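Across the two complexes that follow, subunit A remains constant while its partner is subunit B and subsequently subunit C.
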Partner chain A sequence: MIVQPIEVIEQVILGLMIGGIYGIIGVGLTMIFGVMRLSNFAHGEFYMIGAYIAFTLVSVTGGDPYIVAPLAAIAVGLIGILINKLLFKPLYEEMKEIKGGAAFYFQDLRFIMLTIGLSILFVDLALVLWGPIPLSIPSPLTEVRVIIPGGLSFSLARIITFIVAVATLAALYTFLKVTKTGKAIRATSQNPSAAMLVGINTYKIYDITMFLSTALAALAGCILAPIYNVYPTMGLDVVAKAFVVVITGGMGNVIGSILAGFLIGLAENLGGLFLGTEYKQVVAFIIMIIVLWLKPEGILGGKK
Partner chain B sequence: MLKVDNVSAAYGKALALKEVSLRVEKGEIVSLIGANGAGKTTTLRVISGMIRPLKGEVTFEGRSIVGLEPYQITSIGIIHVPEGRGLFPEMTVRENLEMGAFLRTDKDSINEDLEFVYSLFPVLKEREKQLAGTLSGGEQQMLAIGKGLMGNPKLLMLDEPSLGLAPMLVDKIFETIVQINKEKGTTILVAEQNAYMALTSSHRAYVIENGVTVMEGTGEELLGNEHVRKAYLGI
Partner chain C sequence: MALGKGTLIGVVVLIVVVIAAAYLVLAPTGPAAGGTVKVGLIAPLTGGLAEHGLDMKQAAILAVDEINEQGGILGKKIELVIEDTECNPTKATAAVQKLLTQENVYAVFGEYCSTVTLAVQPSIMEAKRLLFVPVSVATKITEQGYKYTFRTCANQWMQTTQNADWVVEHLKPKTAAMLGINDDYGREGLKIWGERVKSKGVKIVAEEYFDKGTTDFTSQLSKIKAANPDVIFVVANIRDAANILKQAHEIGLYKQFVMLGGVTSDEFLKLAGDDALGLVHVSYFEPTTKRKVAREFVEKFKKRWGRFPAMYAAGVYDAFLAFKLGVEKAGTWDVDKVADAIRSLKFEGAQGLNIYFDENGQAQTKVLLVQVQKVDGELKRVILYPPEDKQGEYIPPEKFKGG
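After this line comes the complex of A and B, so read on.
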């Protein structure tokens, strides 16, 4: 089989497009890890719930999935805050009573078990509410083809997905770097008890982090929904990839996750082209293993 | 200004403070001396709201502050520079100082305080753009104190400012503590294992042993006390 240059270009572009989505999902997961040191195994379920809420909003209002996506993301973000307040905070407070002050109590195994429980709960909830049959959310934008010079064409849906992903990542980065809340989030991620002592309400920071992280996952689910199907276990397929992105980029590092997202998106598509599509899924893991081999802390590990 | 009355506190089931009482008057430097594990750090943590006392009362400027969250206690003017220095290692020196002023909005006086901190510790100005995590131990302690000052404290609480520093630097840090107190009138509470430095620099001091404040006096009185001399000064 001879690979034509045009095919390589096509796969590079598709790889970058899916890489943007990996970036969004990975950034959400890495933020929770970076700020709270929580390994959130339910992250994929927020992606799934986002897609289902978009589906419901589309069927009720008849709007376009790309228009309702921000609404669905905000709704899921609020669920994230609720989970933090109802589920995580009481356990956190109890550990704080025993140990004194603030620390990274979220890395405790009990929190990890809670997220695994949440993951199972959400999958079952989706089964009950929306049923096991994969649903599709049609958007007229998937039908529109954009032809680029050289004879390649991509659906407008994929292009919009990519633009939304890049714009979201840029906005998030600016937010964390420039705004006072962003600085408070970074401070909390580096030293939670020192953050409290300069007057930061770390509980609020954890709420904001949960909101952003879950909303980002949901946004990814929404904007991908018109391209892929929506089904209860879709999050389980994504969460492993998200962890690969986060670990490859350096746990807790936002820029690292963005880079790793693009790297893995690219590698998967090129791997699929050169090795055959049956190897596409394994490429991400190979990349992770190679990166960890060369740099055990990940591409940008250790930096916040 | 600050009154700690009969406070006890525990980590889980481990009792750390049994009966701690002390007071700090406006404009004073008060030190809390004692051995490792005697309860110095826990006392400061109770005051700054990091730990809730089991019983007892803590009042600041006449009102009870027990049960307030640390960020609320910071907002009323008690700034706690914790053990381990409480820096943000991946932020620059300048960013750390700015974070110290997190709750303030008075830009002009923030800048004044920044200049004051730089005048106390010129090395911080030189290293303004360097990450806090890459500073030497002495510089980190200077930054920790500077960051505390940036919060415009009514009461500045320092936990073991001499820990891990060379003797010359310890002298410098305590000189600066006295200087801050004189120039700014800041009230300061220092928890310190180095009893000699603490006693010679403070107006008054408390001795804490096994979670109980057992002695109180002026710096000179305690320097002359037989028990203090034996147990803490090695004379």
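After this line comes the complex of A and C, so read on.
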């Protein structure tokens, strides 16, 4: 069958829209990796909890999911800080005594098991609190269609999601580049020991990083909830893709993750179009393998 | 010490031999003596398919309580042991081992996922226990010549061909597109449906797949939209199906969607909302049915659990009915005689007036074809086929556009 140009355009637009979401989820994961040096396998669960909190807020207040999204994101961010203080900090302190400030925590089995355990715990908690049946958060915006000449049509909800994703990523980038806290985060990411020497409280930086990372995941969960569904295992469905994005982009590199998000979103859709949709998932992993083969540190790895 | 060690080994060997011998001699061929018979239910109670597992669990509890209230079977009370599988063959195998060895169940009811049923079926058959399959539709399950396997719902081949035949006869499409989950269930469904409609002169213009865990289907739907088919056949579970319909309308794809029985539930209608309007799909059971046995089942289920049963509940309920009637007809717990008795049953269940099993243990049933329509402002499944159950007329998708 001959592929028409309009089809390619539609797939490119849809791919970029999904890429923005991959980016926003991947960025949170990569920040934790870059700054705190741990792989958070429970990252997807913060995305899930964000969506459920938005659902609860919408059913209690009757508001729109897009309006309650920031609230839900902040709530999840605070949960993130709590987990950091209660569970991660004792391990950091213990390890710092042995290895010093630049210890690579992600190599520590306790962190891997701890975050995997958290992931299982959160999924089961969601099952108990909200039940197994998938929920949908209706928003009037999903009903509004934006028709583009040539037979293309997108819902306003999807367009808003894309705009929110891009705006959030831009804001995050500015925050990291311009503000004092942002600079401190980058300093901690580059060299924790040196950061501590110049008077940066790295534990506080870890709190802030954890807040940003989990809040970003939750925000993604909230703004996607009206388009997709909310269910306990929704985090597990995105976390594998988030890791692909992070590894492809360069572990710990924020810009790399954003670029990799768009790259994989686009590649999946074009791969689906030309090779067949059964290979969509495969395309994402092939991109990752090719990048790792040519540049093992990832697209922008090495640079911070 | 050498002697001591030898004696020790001797004692251990003796103990093992005695236990093994005792197990062989005492191993119960039927249920153990006493007032109860244990049966097991395996279902996905956690994980992505937990909503279906809940239906199965609630129907099983309802059926067992009812049997016990009526005095049990042949004077024995039934005790239900429920195991979670998460639709994971490894977990399910362990659960079934526990049911067979520790719990010594007489029969196993389940599972939802065909892959799980196929994985645990051999060990249940080897242990000579009955397996009632109320939900899994993989055709293969009842085509392996197992004597103790019974399926109480129509299989994949039966429902898919009946669906395809209705589509060709009533919608008269020239072209069709297919979209399915990229596993054995989806692949088998698309193959059977595709071959059936092709043999009747319909051209397949697109065949797309999505992987488990996919939440965004726009790239598949965009390809289907470009192929411009008259009808789109989809094999997906509730969650995916709701997303597919929502996203199809998002990108401006308003065509006749047809699906299999997997989407028959009120949760699906709630999830998909108005995007479900116009969808035609297979249903094994409708709680709106007027038939007495079915109506009673619906009322009891509603009273006990405060919601309407989905069709999985009906399949499980009928499985327990077949189990009870079979044992009573055989008049003994001897598993071979019970299996023969079940094969000679003809009974009215929640799912049909005349349920009987063929040689393979497959229940011969006719599926319903329903369309989602708005009745008094509410989304309802309206039965289009067969004529004896018909509740309303087919409405083409153009009528729903934008609604």
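Throughout what follows, the second predicted complex is superposed on the first by the 290 of 304 C-alpha atoms of A that agree within 3 Å, B and C clash if a C-alpha of one lies under 4 Å from a C-alpha of the other, contacts with A are read in each partner's own complex, and residues count from 1 in each chain.
Here is the rule we use: a contact is a pair of C-beta atoms (placed from the backbone, for glycine too) under 8 Å apart; a residue touches a chain by one contact, two chains touch by 3 or more.
Here the structure is a predicted model, which means the values were calculated and not measured.
Trainee: Considering only the touch criterion stated at the top, classify A:L236 as touching first (subunit B), second (subunit C), both, or neither.
Mentor: In the superposed model, A:L236 contacts subunit C only, not subunit B.
Trainee: Go through the superposed model and pick first if A:L273 touches only subunit B, second if only subunit C, both, or neither.
Mentor: The second partner, subunit C, only.
Trainee: Per the contact definition in the header, classify A:A184: touching subunit B only (first), subunit C only (second), both, or neither.
Mentor: After superposing on A, A:A184 lies in contact with subunit B but is clear of subunit C.
Trainee: So in the superposed three-chain picture, is A:T56 touching just subunit B, just subunit C, both, or none of them (first/second/both/neither)?
Mentor: A:T56: touches no partner chain.
Trainee: According to the stated criteria, A:I133 is in contact with first (subunit B), second (subunit C), both, or neither; which is it?
Mentor: second
Trainee: Touch test for A:Q281: subunit B only (first), subunit C only (second), both, or neither?
Mentor: second
Trainee: Figure out whether A:L152 sits in contact with subunit B (first) or subunit C (second), or with both, or with neither.
Mentor: So A:L152 only meets subunit C here.
Trainee: From the superposed pair, tell me which subunit A residues show up as contacts to subunit B and also as contacts to subunit C.
Mentor: Subunit A residues touching both partners: none found.
Trainee: Taking the complex as given, what residues does subunit A use to touch subunit B?
Mentor: Listed in rising order, the residues of subunit A that touch subunit B are 97-102, 180, 183-184, 186-187, 190-191, 193-203, 303-304.
Trainee: Considering only the defined contacts, which subunit B positions touch subunit A in the complex?
Mentor: Touch list, subunit B to subunit A: 11-12, 42, 45, 48, 50-52, 69-71, 74-75, 79-82, 86-91, 95, 98-100, 102-103, 147, 151.
Trainee: Give the list of subunit A residues in touch with subunit C in this complex.
Mentor: 1, 3-4, 6-7, 10-11, 14-15, 18, 124, 127, 132-136, 138, 142, 145, 147, 151-155, 158, 224, 227-229, 231-234, 236-238, 268-269, 272-273, 276-278, 280-281
Trainee: Where on subunit C is subunit A touching in the complex?
Mentor: Of all residues in subunit C, those touching subunit A are 45-48, 50-51, 53-54, 182, 205, 208-211, 213-216, 218-220, 222-223, 225-227, 238-239, 242-243, 246-247, 250-252, 267, 270-271, 273.
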